[in-house]
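This structure is in structure tokens; I'll ask about it shortly.
Naming follows writing order (A, B, C and D), and every chain is counted from residue 1.
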């Protein structure tokens, strides 16, 4: 399937469109360091920067664990692309100027999974992997035709109910084996099938 | 202060004493793989094995986190030694034959912090460090004059109330800076002051 | 294929063979803490302990890296079992009483890969995973019908020439993709196909 | 002491000097993805971006290891600031557009330690910590008054001879205990004393 990108920030790109109220970067809820930051970029400036600098992203693989901490399910997001195609993805988004990695992670989890997901952010600041997305395929396992993005990827247990804020978005819970399958990998954007496998490996749930 | 040991299993050592119903290894609560295992050692046999084989331990540094997953407090145990000395330690105990590391971790957390501590075991099987305790001081940072023990050490957030099961045991909650101080390290057994610092470093809370 | 065991210590088991030919535990080269240790077990005692205590193991997935540290090849060992069957495995062996994990790792690397392999032991004491082998299949991804073993597994770059000390042993170098394949996993003992995948995931080389 | 910044890219900042002497970003040796990249920013543009986007950095704590992989020395850089002050720091620099993290790490190691340092880049893509530098002190342990920078920090063994390319730069080798001392921390820029301690903790060399 056509590769696609780490989650762009629609709020910053789509202002001109008037409609399409930003589902991902709207209010910055949960972000202590980022509110009303004069340093943010206009759409044009961000588009420019994307062609000149590596963009810093966070990504999260939502999981459900049993009472002993063992991962038993993996949450995969269904999303409709602008051209109407349905793809699978994970929680993903940009780190803003002045925002901590932790705040960005929380903000994107809330945006993609809803306010009742109750994610348990890990105490450790270290991701399970660093995923590098390049505009040119083949440089790494990951690809994003719009930008060079470097993503800190975390496994995040969620304890509540996921209600994605956008209509086009749904969370499907799969067993670790299903989530690691070639079938699921083939439906995921930008090489994120590999990312799911690395996530499962980090929690000892990859066979 | 005199160094001491990773948590012995009183149940296995103190049978002969009749009294002293085992606070640490009594019922094996929470341990799916270990109940009524005929493979367990008698006291004499265990004492023998301790002089011949490295013993596998798990250790846990209990922490409290804020809503964003950041560590804000560290739980240190106060314990009276058999000779009446008060020392500081962390959750620690042996992995039994047939028991998973995760089960052992849960069992010792429950024994040391009580049934209402509600620990959140990490999804990852990898410890923040591997602490090697040798009978001879100086081989490593850690020391146990009774045995060669190798311990898988984890940071474990607890969300409930800690009520140590033994009279002699109390949990003190310290800030990361206090927990990492030389004063606290000096009161800890077997080099576990270093272990606390490594734990804090793994969650980015060591300055 | 029939599952098999983390590498036993032939030196301790093979007394019956008279000559006490010891391909794995011969000289203890590189092991500072383990020479002539009176604490070691006789064969009978070790066999006894194996039924009562979890045994501590180290395992190593040997790799070759390019000049930038990226893993380009994985070394898989071919070994003839006592019944003449050929299986694939990795470097594996027990940690002795008084021996550091690092020394045990070096000793088994030297025994399995020869004295000219020049392994680069990682500075970190933390394994990429903790593999738990149980006598009963199904408890975890790993299985060893002879014992309960807990193994600290490391990825170890080797820079020299591998000349396995035993006739029955050969090192085959595979690409990461080959090493992660179902075909290779099917030939590996005790679930170590999963271990290879976890190793590759830890170095970002699993697709 | 006055906090300072993750290593700026002098090549991009120092146009005013006319000669565009570039000690850190000169030739991009070893960088496969970064040569002659039309996407790079002019000085003005970079200065602008620094006020609007988090900058992605890599940092390296150079170490010397013994034959068993254990860290025995830590390399600290001495550097003269533009105002003539001498400070201590570590290897540090920006990741360029199109450049892999690994390439950036290698490039900055070569620039700061010289071409004969022979660093052994780790096979793992995961840093020992993610250090977040904010323009405002107090948000995290790290501070950079010029920008919001997020740094992936690695421990890198070096096997050769360090000959810093700049006159003002020198490498001092300290024992782990010295490197972790308050005295050294007080001389380091931007909170990097903490970074050194986290690095030592990750290799089990912090007491």
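The criterion applied here is as follows: contacts are C-beta pairs under 8 Å (C-beta built on N, C-alpha and C of every residue); 3 or more make two chains touch, one makes a residue touch a chain.
Keep in mind that what you see is a predicted model, and the values were worked out from it rather than measured.
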item	value
Labels of chains that are neighbours to subunit B and to subunit C	A, D
Pair exhibiting more inter-chain C-beta contacts, A-D or B-D	A-D
Self-contact between copies subunit C and subunit D, residue sets same or different by half	same
Centroid spacing, where centroids are CA-atom means, of subunit B and subunit D in whole angstrom	37
Chain centre separation in whole Å, for subunit D relative to subunit A (CA means)	28
Per-residue multi-chain contacts in subunit A, two or more chains	125-126, 128-130, 202, 204
Contacting residues of subunit D [partner subunit C, same complex]	30, 63, 65, 68-71, 102-103, 106, 120-126, 128, 155, 157, 202-204
In the complex, subunit D residues that touch subunit B	129-130, 141, 194, 197-198, 201-202, 204, 206-207
Touching residues on subunit C, where the partner in the complex is subunit B	33, 39-41, 45, 49, 51-56, 95-101, 125-130, 132, 134-135, 139-140, 148, 150, 152
